[in-house]
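The following pair of complexes shares a single chain, chain A, combined with chain B in the former and chain C in the latter.
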Partner chain A sequence: MDEFAFGVLTNIALFSFLALSAYLLLIAGEMSFGQQAFFGVGAYAAGIGTAMWGWPLPLAAAFAMALGAGAAWLVGLPTIRLRGLYFAMATLAAAEMFRILFELLHYRREIDGDLVGPDGTQGFRGIRWVLERGFEPHEFLALVTAILALVLAGFALVARSRLGARIRMVGEDPELAAVFGVDVARLKLGVVAAAGALAALGGALYAHHNTYIEPRNFDIMLGVHSLAYGLIGGLGTAAGPLLGVLIDIGLLESLRVFQGWRMVVFGGLVAVLLIVRPRGLLDEAVVNRVKRAMSTR
Partner chain B sequence: MKRALALMLLGAAPTAALAQRLDAEVDCKPTKHDLVYDCRFVLKEAKTGKLVSGAELAVGADMPSMPMAHNVKPVKAAPSAAPGEYTARIELEMFGEWALKLDVRKPVRDRIVKKFDAREPSR
Partner chain C sequence: MAADFAQNTLDGVMLGSAYALLALGFTLIFGVLRRANLAYGPAIMLGAYAATWVHLSFRPGLFALALVTIAGATLAGAYVERLCFAPHGRRTLSRDAAAIASMVGSFALWMQLEELATLWLPKHLYTFPPLYDGPPLALGPLTVRVEYLAMLACAAAACFGLHWLLSRTRFGLAVRAVVDQPDAARLAGVNVPRVYLAVFALASALGGLAGYLIVAAHEQVTPMLGMWSTLKGMIAMMLGGLGSLPGAVIGGLALGLLEAHSQWLAGPQYRDLVAYLLLFALLACRPAGLWSLLRGREPATA
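Showing the complex of A and B:
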């Protein structure tokens, strides 16, 4: 494989963090158009951590996750009692607020004779921790994939646990969940914060892969895509959003057949799937069929 | 993979050769084909401004408003007669603002990101 192929695979893996973040909210019954904001918070926080404060990437990524979770929790506090379209609109508005905050963020320091740091709309250059340590493209891909595998393992564990059942119950019928003693608002707030941390982790890795970020990276298009991946791939399993990313970035983009028309094809695909398979390709029915088939073997 | 993990966990110090920064001047002109541009790059050391010849340079592109989704395959830039100057023909997917990614492999490893506005020609 050449560097381009490694780059495409790395992008698929990085997008998966964001798609999983939106998926987590979808299974809790909420549709967020704003996960790109926490992806951005993570990117800026980790970039500042390594490029300006001299932290190692693991520490900066942990800081980014904490900040992403905190930011999502703050957005969740006033919005979590909203339902459906109202919650979606609130998250979209919050994400735009964050993007404008990134545009207003000017925090630069001279490091080794160079001015480094976020410079408003001019972006944040020089996030070079990964580059300066000589990571080869395949090594960074391996690292991102390993972290993604850990995240998926976490999803699998939660899916089998009581917590996973509660999240799905709240997603299906919050009133019924409340009758069974689930503190719906508290659980949803926890999910919102976890989804924020996950998006921020993806953002931290993205900033270090790209070495450069700017506020426009985190606009509505990124949020729409991350949400669409779960809806295309399916809500029955955490593999669903990954399938969505693979279909878009891996297939439509890499094949280049639809060059220039890709977004039209992608939009059409989302529309068709929402009509014929409203919970995506790997929906709960498919996942249950697979589970039954495997258990009878 | 092991090396990548070790680098992460140990928080290894930057390699001096990799810590050198480069900069570039970019000038892209449209060709007669839509979305195809002939670009000229002048590569230099960021601090001293000294021109960098004999570099191995590949040019890719990404759309800032849709990061990670447009993977324009990088093309190798060819050195031209002038010192520090390289040329490459790039083909974009759509009009709009792009971030050109200049990946330098030799004499030092670096990535330079430059904005480029691909405007639709008036017909």
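Showing the complex of A and C:
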């Protein structure tokens, strides 16, 4: 495999974090247009950690996740009782505020003779921790994939647990869940914070893969895409959003046949797909059928 | 200082009338279908691109350009309705699931329409003929651009026209019946899918009119137009209160006023920050929007 292929695969893995973050909220019954903000918070925080404060990447990534969870919790606190388009618009507004704050953020210091750090709309270059440690492209891909596999294992564990059942219950019928004694607002806030941390982890890795980030990377387009991934791939399982990313980035961006017409093809394809399968490819019905087939064997 | 304030207020009202026009079409769709059409702006953009192409090829009059923009936006809007809204009926899906499927479908077509437009006319900027070449009108120490006066007049006319259409005509009766009780409306002989399509086409035509006036005032067409129209229309709609026509106008004017003043005081980045901050705060405290504050109504559920 060449470097281009590794790049595409790494991008698929990185955007999967964001897609999973949006998916987590979707199964809890909330549609967020704003997960890109926490992806951005993670990217900036981890970049500042390694490039400016000389932290190792694991520490910087943990810091990024804490910051992402905190930011998401703060956004969730006043908006968690909103539903549908109201919540979507509130998260959109919050995410655009974050993007503008990144544009206003100027914090640079001299490191080895170079000015390093976020420079407003000029972006933040020189996030070279991974590059300087001599990671080969396939090694970094392996690292990102391993972390993603851990996250997926976490999703699988939660899906089988009481917590997972509670989250889906709140997503499907919050009033009924409240009757059954679930503290809906608290559970949703927890989900919001976890989704923020997950997006921030993706962002931290994204910043170190690209070595350069700018506020424009974290605009509304990214947010709506990450939401669409779960809805195309299916909401029945955490593999759904991954499938969505795979279809978009893997199939269309890498196959150069569609050069220039990528979005014409992708857009039409998704619209038609949603007519046939409005809950995505791997929806709840498919997942249940697979589970039943596995258990009867 | 007072003159500056008055001028900014005037500019804000003018800018706000463009937002109000965009929000009216958006609100019409949401009010009737209870679903958001994210491809609303890109349909307008396709209309504006069609008009730009016609202008570059044939140099027709202004009226013809306006008609082409409106026709292009209406056709694109009808296409979105057929592909993303009509198939997701209530019979097979819950209301929430249908709304989400329609919205994601309309986002997919947003991408498609935007790319089609830029494949058609690939440059980053095309000049568009202005509605009026003369100097701005002077009102004492203040100035007003004629294009924006036309926009304000159109927004007011559209608001009253829609109100008349919905409250005084047979078509309006059918629309209101479909909003309240789709099943009962069907039993009473209303062709529900046709009402939805008609509402969509009407809203897109209104968007096309807004788009024409906006590109004629800016004298340019760029690929940003689609996203800009969707975002500004949606923000103005949410600020005013979902699904209310006077709310759309009030939301548009409030957004215009806020942007004009904050831009003058602090520059464009803070202008956008303040606009989003207001939207966020309003959604957190008063989701039913500004119009409900004025009328003292309890928030409606979406």
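Definition applied: the second predicted complex is superposed on the first by the 297 of 297 C-alpha atoms of A that agree within 3 Å, B and C clash if a C-alpha of one lies under 4 Å from a C-alpha of the other, contacts with A are read in each partner's own complex, and residues count from 1 in each chain.
Going forward, contacts are C-beta pairs under 8 Å (C-beta built on N, C-alpha and C of every residue); 3 or more make two chains touch, one makes a residue touch a chain.
None of these values were measured; they are calculated from a predicted model.
Peer 1: Have a look at where A:Y206 lands relative to chain B and chain C in the superposition and call it first, second, both or neither.
Peer 2: In the superposition, A:Y206 touches chain B alone.
Peer 1: Quick check on the superposed pair: does A:L227 touch chain B, chain C, both, or neither? Answer first, second, both or neither.
Peer 2: second
Peer 1: Looking at A:V270 after the superposition, I want to know if it touches chain B, chain C, both of them or none. Which is it: first, second, both, neither?
Peer 2: So A:V270 only meets chain C here.
Peer 1: Between chain B (first) and chain C (second), which, if any, makes contact with A:R289: first, second, both or neither?
Peer 2: Neither chain B nor chain C is touched by A:R289.
Peer 1: Looking at A:E103 after the superposition, I want to know if it touches chain B, chain C, both of them or none. Which is it: first, second, both, neither?
Peer 2: second
Peer 1: With the two complexes superposed on chain A, say which partner A:L85 touches: chain B (first), chain C (second), both, or neither.
Peer 2: second
Peer 1: Classify the contacts of A:R160 with the two partner chains as first (chain B alone), second (chain C alone), both, or neither.
Peer 2: A:R160 contacts neither chain B nor chain C.
Peer 1: After overlaying the two complexes on chain A, where does the chain B footprint on chain A coincide with the chain C footprint?
Peer 2: In the superposed arrangement, which is not itself an observed complex, chain A uses residues 221, 260, 262 for both chain B and chain C.
Peer 1: Which bits of chain A are touching chain C when the two form their complex?
Peer 2: So the residues of chain A in touch with chain C come to 31, 78-79, 82-86, 88-90, 93-94, 96-97, 100-101, 103-104, 220-221, 224, 227-228, 231-232, 260-264, 266-272, 274-275, 278-279.
Peer 1: Okay, in this complex, where on chain A does chain B touch?
Peer 2: Touching chain B from chain A are residues 3-4, 7-8, 11, 14-15, 56-59, 112-114, 125-126, 128, 131-135, 139-140, 142-143, 146, 206, 210-212, 214, 216-217, 219, 221-222, 225, 248-249, 253-254, 259-260, 262.
Peer 1: Tell me, which parts of chain C touch chain A in their complex?
Peer 2: So the residues of chain C in touch with chain A come to 30, 36, 38, 83-84, 87-88, 92-93, 96-101, 104-105, 107-116, 119, 227, 231, 234-235, 238, 242, 269, 272-273, 276-277, 279-280, 283-285, 287, 302.
Peer 1: Where on chain B is chain A touching in the complex?
Peer 2: On the chain B side, the touching residues are 1, 3-5, 7-9, 11-12, 14-15, 18-19, 21, 46-47, 58, 60, 62, 64-71, 73-74, 93-94, 97, 99, 103, 109-111, 113.
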